[in-house]
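Take a look at the structures below.
Look at the two complexes coming up: subunit A is in both, with subunit B in one and subunit C in the other.
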Partner chain A sequence: MMTFVLRRLLVSIPILFGITVVSFLIVHLAPGTPYPGLELNPKVSPEIRRLMEQTYHFDKPLIARYGLIMKDMFTGQIRSFQDNERVLVKIGRRLPATISLNIVATILTMAGAIPLGIYAARHRGTWRDQGVTVLSFMGIALPSFWVAYMLLMLFVGKMGIPVVGLRTFGVEMPFGVGLMDRLWHLFLPAVIFAIGGIAAQSRYMRGSMADAMVQDFVRTARAKGLSDEAVVYKHALRNALLPMVTIFGLLLPSLLGGAVIIETIFAYPGIGRLGFEAVMARDYPTIMTLNTIAAILVLLGNLVADVLYAVVDPRIRYE
Partner chain B sequence: MTSAPTKPDVTGPELQTTEPYSPWRDFRKRFVRNKPAISAFWILVALAAIALAAVTMGGTGAYWPYDPVNVEPPAKLQPPTWSHPLGTDNLGRDVFARMIHGTPISLTVGLIAVAVSVTIGILIGSLAGYFGGVVDNILMRFVDMMMCFPTFFLILTVVALLKPSIYNIIIVIGLTSWTGTARFVRAEFLTLRQRDFVMAAVAGGLGNGRIIFRHILPNALAPVAVSAVLGIAGAILTEASLSFLGFGVPPPAPTWGNILADGKVYILDAWWLILFPGMAIFITTLSFYLVGEGMREALDPRLRVD
Partner chain C sequence: MRIRTIILASPIVLLLLFALAFAVSLPFFGERREQLVMASTADPEILNPILSTTAPAGIIQSFVFDGLMRLDENAEVEPALAERFELTQTSRLYFASPQQAAAAARAIEAHRVAWEELGLEAITVEADRVELALTMPGTGYREALFEWLGPIEPVPFQRWQVRIPPDTQWQEEPATVDRVLAWLEKVQAAAPEKPRVIYGWKNTSGSMEIYTIGADGRFMDRLQTELAEAFGTKVTPAEASVAPAPATPARVAATPPASVSTTAPATAPAAAPAAGPGPGMQLSTAGPLRIEFDRSWPAQDEPLIAFYLRKGVRWHDDKPFTSADARYTYEALMFERNASPRRADFEVIKHVQTPDEYTFLVRYKEPYSPCLYSWGMDIIPRHLLAGEPSLRELSAANDFNKFPVGTGPYKMERWATNQYISLVRNDDYWEGRPHLPRIVYRVIPDPTVSQMEFQTGGFDYAGIEPHQEERYRKDPRYQIFEGPSNSYNYIGWNLQSPLFRDKRVRKALAHAINTEAIIEHVMYGNGRPATGPYSPVTPWWNPDVEPFGYDPEKARAMLAEAGWKDRDGDGILDKDGQPFRFTLILNNGVPVRKDIAVLTQQYLKRIGIAVEVIEYEWAVFIKQYIDARNFDACVLGWSMSFDQDLYQIWHSSQVAVPGSLNFVSYSNPEVDQLIEKARTEFNLEKVEEYTHRISEMIYDDQPYCFLFYPQSLAAMPKGLYTVKRPGKDGQWIEEPIRRTKLGFTVYQRWWTREFVEAHEQPTLTPGVQP
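Let's turn to the complex of A and B:
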């Protein structure tokens, strides 16, 4: 196992290098300067501009710039164009909101996907199974921003309930009520994440469960005369759940992935909205750092998923 | 279709015909029996007809009295009525006309983006799977790398940094969504490479290009077709999301995402600007997903159980 992890980490190094190159090139080969309008601003003297170019290494040729920016990034010194704050500090401030959103969304996803998958697998090939299939494709096909707006129309427009932001703005609340308020603000974005999540994961769960139900040990359990319930939930389900642990490895990358639109709509101060703000402001260092961190998280997440899978399922061996 | 059965496969009473076995007829019969898939297929046919009608009628035409880009401020933000069945937007433009004219744009973005991504995916996947070894290793590490990026954020970054145009969007979506196809094609090639007919082609002294494109690729196209149909849905959703964030197809061209984006400011006053375009996106993507899934099931030999 140790050698497997080490080998995977070694293979990751060239991939990581490619990731940094691509993130760098995408922003640095784009037409236009990173600070549009600065040349025209009379308050910005040529000295200040030169100083800025020096700070962000824009006076260097492309390759030297890549090296210097990478050095800044990996020593944590890279600074945002917007306010000269260290990008890692910016990300760190947004992290708790995004992580709590992800945790709630994951709980909702699992709570929906696992029963739905079991139900579809037990009724495989019937109209019930087909119904679950159509439902899950509906969940995948729903544009998340549209659902968000429909929910906003319902809750804010019709019922006048505040749902936007991290908490209700401008109202002092005792700790317990404040916590409930925060949870409520988290709930709607989490539900929207969970719709897509349930749709996708229930397909995996159905496949996994359907595979388990035709195994020999399940037939043995039935032959012993165990009740249908015991066969499904004790014998088949335990095996069907094993591949689902890999999902926890895939949670890491979802921190940034789909969050951009939903966090922007709900004015939820997480990583996704930070990314959107950075794109709007052409904040190259933040965009690059976010891309790189997200890619590293995917690499790590896949590794964690593989390791977890081997840990829970002794039949899996990596040599 | 990689392993066509040698004798007629009797999967139902209606299949017991005297005609000889044909994989294509078998596929069609199995697809038609999948009710969600076949309904979705007819929805897509209807959408294609609408798109065709919209393209042929140009601006204002015989079909519908209102022009999709004609601004009429006195008639702004009208709820649905008989003359404006889907209401009007903040500039008094007829939403129904804009939705109809948005249809060909949204469909085209999906189709061309997928054509780009499938082409790249087939090229990279077949090269990696056919040559193996170092070529395979390098190409697949590149695929791994591309799969690490948060796709939507990457697309958003590139589209935001470039000038807004429909071509940029199509190309960027195509360039970022080929990794799945590449993996499928590679896997197919790895197995097909070992088959006797490929050995025969190699022994016959055929060139690599001919073996790849004439002998192996036709046998690997079925899963590619499925992933392409599913990919169209993804591309349409991505375009709509980009338009929604203000980085999509530039105005005044109407797309479903654009109409929604224009309407989001009036969310509490004009529900019709949100509901209808969203519905259109939803129904279209759902139809593509269901057709793709129906194709996958009809092609999957393991599902021949009923």
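Let's turn to the complex of A and C:
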């Protein structure tokens, strides 16, 4: 097991290197300047623009810029073009918001997807199963920004309830209430995440549950005379949950990744918005750092999923 | 059994939990504190006036900082941190000999009666030079003065650009330019005879200027060689030597000699032929150093602004504000490692002085009248920043860029990144305590959500889009503020393209495009036809210029006159076998511009012109098309500043400058001259005269198809705030909020709500007029 993990980590190094090169090239080969919006400002002469380019090393060849950015990134000194703050500090400041949103969204997703999947699997082939299927596909098909606008029009437009932001704006609340207020503000964005999530995950759940239900051990359990509840929730469910473990691995990158659209619509100060704004402002260091972190998390997530597999399923062994 | 309960109960429990959260916080939702709430779509990122570039940063900074000057409601300059200011000028005339200088002084003395009219106060003679003290900066005195002088002609005062190619080895040493300057000083000390170096000047990006009097080609050649030798670079004498051209005195600014001016055709002023260095003057390009002639003047004119600062003003941290802070602000703007985007207006400054704590003297290298507007620049505190390596690399403990300290009416309270910034009032504000205890600036990135938040009272006023205007007008809850903005939209014709070189064609196009209809359809009527490069909110706009008007028949006739007819019957005009077909480019993401492009395409199709519309991403649009002058026509808009300077956009000298803003390659010698006059003239009436003429000429030349000045629109719930501001005579003026030339937020520091009125009246510091 240890050798497997070590080997995977070692293989990750060249992959990571490749990813940084590709994301560096994508970012830097696109035309852009460190002074977006100032190109056509009569008060910013070409000399001043050149001076700003020098300040941000735009006058250096690509390879030198790659070297500089990598050096800064791995010493943690990489700084944003926009305000010269350390990118890691910027990310750190937004981390709690993004992580809390993703945790709540994940809990909601799981809480919805598992019962729904079980329900559909138990009533496989009936109109109930088909009803769940139709709902699921609707959930997958609905664009999240549209759902967000609809919910906002209902809550803010019609009812005038504050839902935008991290907490209710401009109101002092006692600590406990403030906490509840924050939780309430997580509700709509998390629900929108969860609609898509429940729709997709319940399909997986239904599939693996349906597989488990026709296994021999289920038939044995039923033959033993166990109640339906015990057969479904004890014997079948345990085995059906196995594939869902992979989702924990895939969760890791999305935990930090944030969601550009939802965070922007809900004025939620998370990492998705940081990345979006960095792209709009051509803040190369921030874009590069976020890309690299995302890449590391995907690599780690895959590794975690593989290891978890071996932990929960005794049949799987890595040599 | 247990597992089943958990699985089935968990969604219900979760929903109940959220319901509980909602129920607990519900009673607090309606509560609002006494505060003015604004919103924007973006976080300001950085709040340092030297570095910031975003509009949100500008708004916050206007509350936290003050400038020496500011604009009043009529967009006129008024003193702020400076209590008053004085403008004067020192002009020096250099002569061939002390005898001539003495003769010149006598000639000027003889006309003492007429001095006052010229603003001449005193003259002094020192060796070969006559120094004039003038009460008004500018070059207006010259005409009369040179008449008095008669045959006595001054030696021209010249400027040379020293080009240090960036790939030279010694450029890598950062102090090179400083060493050159020190060396120049030595040269000057060693050879006081003419021709001589007056002073050297370090510019942006390591280039420099040398100012000389009476220098000729031979002298500059020697200077270049010596410079090169002094710094260990080789200049082969054969290459370096150029044909000497004797320096002939000149009265009028000389044009660059032909060999230097590569692409600026027909810039010769009508008055006098080029003098100073002759055609041989483009010096050797061998070696890393090149000295190029720039221009010359008959006199050295150096305006001076004396600012007398307000006493008793304190920074938010209670330290006193003094002239050292003003000086530091200037130094920070010019410090290269700060790479400040605001330095352009300050590069014409020769030096600043602080004779005492409340006097700040700014000496300019040449008359530049927009300089008064530039002192609206926010002043930053020296005591918090002086020790830093640069403003872009503040030490870890210094959070000035995120938590600035100013002298303004509001202080920073809290910055919750990407959520809001709150400011509390500065009880100690020099103009009196502001009424509203707190101002909050929210960040709501999505425009639709922003509108919803506004309508539910989440913030206090909102800019509205033209298509929303009607809805807000019908809603009795809102009042609307509107007025022309200081900007315009246009279609720029590339005058280098053979299609648009003919002025008749451009005028025909102006008749062919229905501007009124574009305003109606694209802006929902919220705009006004543009008639030139200035907006009606400035005095520079010429009210007498009539828009061309839509007349497709006339357009067709004019095109036929210019030789464009549909000879082959394909529905497209042609001339010399070439069809009238071009590409109209624009940047994506701006719906208004896209609509303009499509409508233009339609209008031009009607008169037989085929237009292809292509959208590009902004960076590509600028770099590959606009900067490269690689386009036929483009849809763009200008947002203007309040000063009158059009040099960067319309002066022909900018055509050849890479990345400059005269990308349509407009060149009209008369306009050039008027632009130069306008930027050296300090008498506002005369500036207006020049700018009105400029408007007329540019509009007639039609290098752009000037489309419209958009109407700026904002909505606010009725009766939310009123203004209660100190008048200039020390009285309080109470009035409803109204739109002024600067918009409706001009007196925001004096906004008030009825219920806020509990507090006592602050004592006033009445504004003092200069």
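We take it that the second predicted complex is superposed on the first by the 292 of 319 C-alpha atoms of A that agree within 3 Å, B and C clash if a C-alpha of one lies under 4 Å from a C-alpha of the other, contacts with A are read in each partner's own complex, and residues count from 1 in each chain.
Rule of thumb we're sticking to: a residue touches a chain if its C-beta (ideal position, glycine included) is under 8 Å from a C-beta of that chain, and two chains touch if they have at least 3 such contacts.
This one's a predicted model, so the numbers in the text were calculated from it and none came from an experiment.
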- Message: Applying the document's definition of touch, where does A:L142 land relative to subunit B and subunit C: first, second, both, or neither?
- Response: first
- Message: Looking at A:D181 after the superposition, I want to know if it touches subunit B, subunit C, both of them or none. Which is it: first, second, both, neither?
- Response: second
- Message: Between subunit B and subunit C, whom does A:L166 touch in the aligned arrangement: first, second, both, or neither?
- Response: second
- Message: After the superposition on A, what does A:S45 contact: first (subunit B), second (subunit C), both or neither?
- Response: second
- Task: Return the chain, subunit B or subunit C, that is in touch with more residues of subunit A.
- Result: C
- Task: Go through the superposed model and pick first if A:M150 touches only subunit B, second if only subunit C, both, or neither.
- Result: first
- Task: Using the superposition on chain A described above, determine whether A:A294 touches subunit B (first), subunit C (second), both, or neither.
- Result: first
- Message: Looking at A:D216, would you say it contacts subunit B, subunit C, both, or neither? Reply first, second, both or neither.
- Response: neither
- Message: Output check: A:V22 vs subunit B and subunit C. Expected answer is one of first, second, both, neither. What do you get?
- Response: first
- Look at A:D228 in the shared chain and tell me whether it touches subunit B only, subunit C only, both, or neither; answer first, second, both or neither. neither
- Message: By the touch definition above, which subunit A residues appear in both interfaces, subunit B in one complex and subunit C in the other?
- Response: 30-32, 149, 152-153, 156-157, 264, 282
- Message: Help me check something: in the complex, which residues belonging to subunit A touch subunit B?
- Response: 11, 14-15, 18-19, 22-23, 26-27, 30-32, 125, 130, 133-134, 137-138, 140-146, 149-150, 152-153, 156-157, 253, 256-258, 260-261, 264, 275-276, 279-280, 282, 287, 290-291, 294-296, 298-299
- Message: For the complex, give me every residue of subunit A touching subunit C.
- Response: 30-33, 35-52, 54-55, 59, 82-85, 90, 93-94, 107-108, 111-112, 114-115, 118, 149, 152-153, 156-157, 160-162, 164-166, 168-173, 176-177, 180-181, 183-184, 187, 229-230, 232-234, 237, 264-267, 269, 273-274, 277, 281-282
- Listed in rising order, the residues of subunit B that touch subunit A in the complex are 35-36, 141-142, 144-145, 147-154, 156-158, 160-163, 233, 237, 240-241, 244-245, 260, 264, 267-268, 271, 274-275, 278, 281-282, 285-286, 288-290, 293, 305-306
- Message: Which residues of subunit C touch subunit A once you look at their complex with the stated criterion?
- Response: 1, 3-4, 7-8, 10-11, 14, 17-18, 20-22, 24-25, 28-29, 31-33, 35, 37, 42-43, 45-46, 53, 166, 203-205, 207, 336-337, 339-345, 392-394, 401-402, 416-420, 440, 442-446, 448-449, 452-453, 455-458, 617-620, 622-624, 626-627, 636, 638, 641, 645, 647-649, 657-661
